[in-house]
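Both complexes below contain chain A, partnered by chain B and then by chain C.
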Partner chain A sequence: MLKKNNNNQKMLKLIDKNRIYFIFLFVFLFMSLFAPRFLNVFNLTTVTKTMAMNATVAIGFTMIFIIGQLDLSIGTIITFSAVIGLSMKEYIGFGGSVPLAIVAGGLIGLINGLLVTKAKISSFIVTLGMMTVLTGVIYTMTGGNSVSLSSDDAFAVSDFLGDMIFPFITPRVLIAIIMVIAFSLFLNRTRTGRNFYMVGGNKQTAWLAGINTDKYTIITFVISGTMAGVGGVLYAMESAAAPLNLGTSSLMYIISATIIGGTAMSGGKGGVFKTFVAILMLEVLYNGIILFGLGNEVKIFIAGFILAAVVMNEAIVAYKHEKIFGQRPELIKELKQVQN
Partner chain B sequence: MSDDKTIKEEKSDVRAIKVTTLGKMMNSFGIYAIAVFFLVLGIVLQSLGIINNFLTTTNMMNILDAVTLLGIVAVGMAFVTYSGHYADMSVPTTMAFTGIICVQMLQFGFIPALIITFLFGLLIGLINAVAIGKFKANPIIWTLALVFVTKGIIRIVWDNKQIYPDFIANSERTSDLFDNIFRYRFFGKISLPLVMLIILIIALDFVMKKTKYGAQLKMTGAAQKAASFSGINTEFVIGMAFVICALTATLGGLTVTSLSRVGYINNGVGYDFKAVTAIVIGGMTLAGGRGSIMGVVGGVLVMGLIDNILTLLGVGTFSQDMIRGTIFIIVVGLNAKSLRSLGRDDA
Partner chain C sequence: MKKFTTLCLSLLMMVAITGFAFAAGQQEEGEMAASGNDNLAASLAVDSTVLKAADGQQLIKLEGVGRTVPPRPADPSALPETDPLHWWDMEFAGEITNKTNIPESPADGAIGKNVTMIVHGDHPWTTACTNGAQKVADAYSMNLKIQSPNWDLAVQNQMIDQAINERPDMILLIPLDAKTALQQARKINKAGIPLILFNTLPEAKAMDYAISWTGPDDFGQSRKLAKAWADELGMKGGVAFVQHNPGTSPYFARCFGPISTLAEYAPDIEVLDMQSPGFDAAKTLQLVSDWITRFGDDLTGIYVADDSSHALGVAEALAKAGREDIIVVGAGNSKVGMDLIKDGGIFAITYQTAEGDGALAVQTSADWFNGLDVPAIRNIPQHIITPADVDSFYPPQW
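Let's look at the complex of A and B:
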C-alpha cells in the first residue's frame, strides 16, 4: 500500500519537474486545433523569430536565478546594446560595433556583479539602480529618438539575418538555439556548470567545498549582461532599428518564462532548456491570442495572470510543504487507516 | 601559557570594529545629516552665484510641494520594507488604477467615489496580503505579476482611453471637489496633500513605534521565523503591512490623478523606484526591522533637495535619472558598509 503510494508520488514529482513540456504540448496542440491560420510555415517562422531575442536573454537570466540572485536591469541592457550596436556602426562598421555592444552589455553585468559581491549590496538594489542609470544613459545618448539605419549594407545584414535557412529557422534563431544547447550542456554536464547549482542551492556549503562563490556570482552577472547584449544587438541588426522601448516588456516576459520553466528564485534549481521551452510556449500562446483576434490588451492581461498563477502555485506548494515540515504524513495516514 | 595566548588571540579576534566618521554620522544623525549637507551645498552654490533662488521661501515651499506625493507613497511602502519584504512594485499601477476608478465613479458623486476607490485599494492590498503574507509568495515577483494583471484590466476595461473628471462627474461641484484634492490650500499656503502627509507621518510613526502591532512588525521584519515561533501571527502582521501600503498608494493615486486632472494608465510611473530610494537612503534596510518613519521622511526630503538643486543647475531629466540611480547605489552601499563595520550585519 505504502509502496504504491510512494510510486505515485514519484510519478507526480517527475511530472511536476517536467511540467513545462506537457504545458507546451498542450498549448501547441490547442492552438493547432483551434486557432485560425496557426499551423503553417509562415506563422510558425514568425513565432520562432519573435522568440529569438528573449530566448537568448533568458539564458543569462536563468543562470541568475540558479545562483539565487535577481537582475532587473536586463531589459535596459537589451536596449542599451541595441542602441550602441546601431549608432556606432557609422564609425566602425558592424565588425566593430557589434562586439563593442556585446562587450558593453558584459561590462554592465560586471559592474552589477562587483557591486553585489564586493560591495555586498543586495542585487535587487544594484540592478534597480542600474536600470535607472541606464535609462538615463540611453535617453541622453539618443536624445529620446529611436536609432535606425537605412544604408544598403545594413539592409543586406538585416536580410541575411531574417532569411530562412531551414524550415522555421533563420540565422538569428539558429544562434539562439545553439547557445541554449551549449549552455544547457555546460550547466548540466560539466563540473564547473554544476558548481553554479551548488552556489545557488547553498552558498555556505559551496564555499566550504572550496568553490569561490564570489567568482561564480560575478561570472553569472557578466553572462547575463553579455546575453542581454547579444539578444539586443542581433534583434536591432535584423530590424535595422533600435526602438527605445525594445527591452521594456522583456523583463516581465523572461521572468514569467523562467518561473514557469521551473527555475525557482531561491536558487539551485531549474535549467536553461526548460526556460527555452517555456519561452516557446508563451510565444505560441501569445501568437494564438493574436490569431483569435483578441488584441494586445488581452495578451498583457493573460501574461500577468499566468505569472501570478504560477507564482501563487509555487507559493502554495511551498506553504503546504512547510506546514508538514517535521511531521511524517505517511505515518499519520497509516495511523488513521489502522483506526478505521 | 598557551591558554593565555588563545585568550589574547580571541580578544584581538573580536569583530574588528572600524568606526569611520561617516559611519558614525550615518548612525547618529541618519539621513538628516545628508539633508543638511545638501541644504548647505545649495546655499554654497547660491553664494558662488552658480544657482539662483535656492534659499527663498517660495523655493522651499516648492520643494515641499514636490515631495508630498512621494512622501505619501513612501511612508506606506516603508511598512513593507520594514517587514523585510523588500518593496511593493505594484504601487505605480495601484495609483493609476485607483485614480481611474475614482474618476469613473465621480458620476455617483464625490463621497461615494472616494469610498469605492478606497475599497478597491483595500482589495489590492488584501490580494497582496493573502499571496505574500499567508502563502509567502516572493514579494517582488508577485507584485510585478500584479502590475501586469492590473495593467491588463485597465487596458481591457477602459480600452486605452484617458478619462477626464470634468466629463464624467455628475455635477460641476463634484469635479471641482476632485480637482481640489491637490489644489486646496489652507490659509492660501499649506496644501491639502501636505496636511495629509503630516497626519500620515504622525499616525504611521505612532503605529510603528508605540503600538503592539508596530513591535510585532519589527520582530517579524528582523527575524520572521523567531517571531512566528514566539507566537506572533506573522501572516496577519505582514499582510497588514501590504494593506497599509496599498491604502497609502490609493491616497497617492487620488492626489496624482487630481493633479493631472485625468485618469491615465501611466499616472504613477516611477513611484516604485523613487519610493524605494527614499526608504533605503532614509536608513531602512532591506533586511527589515531597522529604520523609522522619520528616517523615510528625511529620505524623501533629500530626494526633493537633490531634484531641486539639479533642476536649478539646469541638468536635464535623463541626466537626473543617471545621477539619482548612482546616488541610490552609493548611499545604500555606504549604509550597508557602515552597519557592517559597526558589527550590525545586514545581509
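Let's look at the complex of A and C:
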C-alpha cells in the first residue's frame, strides 16, 4: 500500500515537473481537432514565426528569473535595437547596423547589471528607470515616427527571413530554435551554466562556494539585453519596419510564459526550453482562438486563467511543503540543535 | 513501469490523432480553393444607397465627394509649413501610385464572397465602423469576418498571416502603423489576395499594393473647419492648437491643415501655440489653463484634434476661468463633441461618419467584385456640424 502511494506521488511529481509539455500537448491536440484550418503547413508556420521574437528574448529573461532578478526593460530594448538596426542600415548596411543594434542591446544590459550589482539598486527600479529613459531616447531619435525600409535589398532580406526553408521553419525561427537549444544545453550541462541556478537559489551559498555572484548577475543582464536586441532587430528586418510600440506587449507576455514554463520568480529554478514550450503553447492557443473567430477578450481571459492556475499550483505545492514541516516539529527542533 | 507505459501510449495516440487531423486540414485547404459562383446580375441590382447609419444619415454617399488635386510641386518640403502645398505628399498620398501585381477583378458579383476585415483595436469608434461594414455586407450577402488585434502590431501581423492562410476573396485592413503597412500590404499582394486599405493613411508606397484606399480626407475636412472657425472669429485673433499624438497622420492634418489654410484665408489670425497633451482631459485642462494665464485676452480660439477627451478638458478649463468667449472647434464626431455643441462648449466639429467609414470599404470591395471601376482613393463625405444642425446627427454613432 505504502509502495503504491509512493509510486503515485512519484508519478504526480513527474507530471508536475513536466507540466508545460502536457499543457502544450493538450492545447495543440485540442486546436488540431476543433480549430478550423489549424493543421496545415502555412498556419503552423504562422505560429512559429509569431513566437520567434518572444522566444529569443525570453532566453535572456528566463536567465534573469533564474538568478532571482527582474528586467522590465526588455520590451524597450526590443524597440531600441529594431530602430537602430533599420535607421543605421542606410549608412553602414545591414552588415554593420545589425551587430550595432545587438551590441546596443547588450550595452543597455551591462548598464542595468552594473547598477544592480555595484550601486546596489533593486533590479525592479533600475530596469523600470531604464525603460522610461530608453522610451524617451527612442522618441527623440525618431521624432515619434516609426522607421521603415522600402528598398529592394531590404525587401530581399525581409523575404529571405520570412520564407520557409523547412516545413514550419523560416530562418528567423531557426535562429531562435538554435539559440534556445544552445542556452538550454549551456545552463543544464555545464558547470558554469549550473552556477546561474546556484546564484538564484541561494546567493550566500553561491558566494561561499566561490562563485562571483556580481559577475554572474552582470553577465545575465548583458545576455538579457543582447537577446532582446537580437529578437528586435531580426523582427524589424523581416517586417522591414520598426514601429515604436514593437516591444510594448512583449514584457507581460514573456513574464507570463516564463512563469507558466515553471521558472520561479524567486530564482534557482526553471529552464529556457520550458519557457520556449510555454511560448509555443501560448501561440498555439492564441492562433486557435483567432481561428475560432473569438475576440481578444477571450484570449486575455484564457491566458490569464492558465497563469492563475499555474501560480495556484505553485502556492499549493509550497503550502504542502510547509505543512510537512508543521507535522514534524521534532525535525525543526533537531535542526536547531545542530545549528546551535 | 505500467503507468509509464500507459503514459507513453497515450502520448503516441495523441500524436496519431494529430496526424490524421493534419491530413484532414490539408485536404480541407484543397477543397476550399475550388469554390466559386456567378451572381453578377443580382449583385449589381443591390442598392446600398438606401442604407442608413445609426444617426439617420445616409450610410454611403459617393456622389459629390471627390476632391480637386492640385499639381504636385517639384519639392513640397522646400515650401514653408504655412503653404498648403508643403503638405502635398501627405494630403494626397496615394493619388500618384505605381500599382503593382493588382489582381484582375473576377467581375462575377459580390454575393457570397468571403471578406476578412482586420481593424486596429477595440474602441467605440471601431464598433460603429464595423456595424456600418456589416450593414453593407448583409445587403450584398457577403460573408464578413471581422478581427481586432487590440492595438497590438504583432497580433495584427499574425492575423494577416492567418487571413492569407484562409484565402478569403478580399482583405480589408486598417493598418496599425503607417510604416509597417508597406510590408503588410506587400505580403497580402504577394499572396495574390485583393486588398483594400481603409481609415488610416499608410505610407504612400503601400498604396501600390492595394486596389484602393478609402476613408476620411482629414486634411480636407480640417481645412473646411478652419474656414468656418475663421468666419466665427471675425477673421482675426489669436489661436492655439491641442494636437493629436505626434507622428500620426491626424497630428499633421488636424494642426498644419488648419494653420496653412488660415495663413491664406485669414492671415490676420495669429497662431499662439500648439501642444500635444495626449488623449487626457486632465492634462488638456492644465494646458488650456496655462494658455489662459499666458496669453490672456489675446487667446480667442482653440482647435482640438479630438472632440471627446480634448474637448472635455478645454470646456472645463474655459468654464473655470470664465472664458466662454473663446471659440472652440474640434475634429471628430463623438457623442461628447455633439453634446458640447448643444451645451455651447464647442462651436463646430467635423462630421466623420464611423459607420460610413467601414461601409465604404465594404462597398468598394463589392464594386470591385462587380467589375466596376474603383478609384485609387475614395473619401467619406465632409460636413461641419454646428449648433444649427447638430440635432439632425442624433443619436450619435458612438
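Keep this in mind: the second predicted complex is superposed on the first by the 313 of 340 C-alpha atoms of A that agree within 3 Å, B and C clash if a C-alpha of one lies under 4 Å from a C-alpha of the other, contacts with A are read in each partner's own complex, and residues count from 1 in each chain.
Everything below uses one rule, namely that a residue touches a chain if its C-beta (ideal position, glycine included) is under 8 Å from a C-beta of that chain, and two chains touch if they have at least 3 such contacts.
Note that this is a predicted model, so its numbers are computed, not measured.
Of the two partner chains placed by superposition, A:Gln204 touches none, neither chain B nor chain C.
Contacts of A:Ala318 after superposition: chain B is touched, whereas chain C is not reached. Applying the stated contact rule after C-alpha superposition, one finds that A:Phe38 touches chain C and leaves chain B untouched.
Of the two partner chains, neither chain B nor chain C is touched by A:Gln337. When the two complexes are overlaid on their common chain A, residue A:Phe124 makes contact with chain B while staying clear of chain C. Touched by chain B in one complex and by chain C in the other are residues 139, 144, 296 of chain A.
By the touch criterion given at the top, residues 3, 11, 14, 17-18, 21-22, 24-26, 28-29, 32, 122, 145, 147-155, 157-159, 161-162, 164-166, 176-180, 182-183, 186-187, 203, 205, 245-247 of chain C touch chain A in their complex. Contacts from chain B toward chain A in the complex involve residues 86-87, 131, 134-138, 140-142, 144-153, 155-156, 159-160, 273, 276, 280, 286, 316, 318-326, 328-329, 332-333, 336-337, 340. Remark: chain A residues 7, 11, 25, 28-29, 32-33, 37-43, 46, 49-50, 53, 139, 142-148, 150, 155, 158, 162, 239-246, 248-250, 286-287, 290-291, 293, 295-296 touch chain C in the complex. Of all the residues in chain A, the ones that touch chain B in their complex are 70, 115, 119-122, 124-126, 128-137, 139-140, 144, 252, 255-256, 259, 265, 296-298, 300-305, 307-308, 311-312, 314-316, 318-319, 322.
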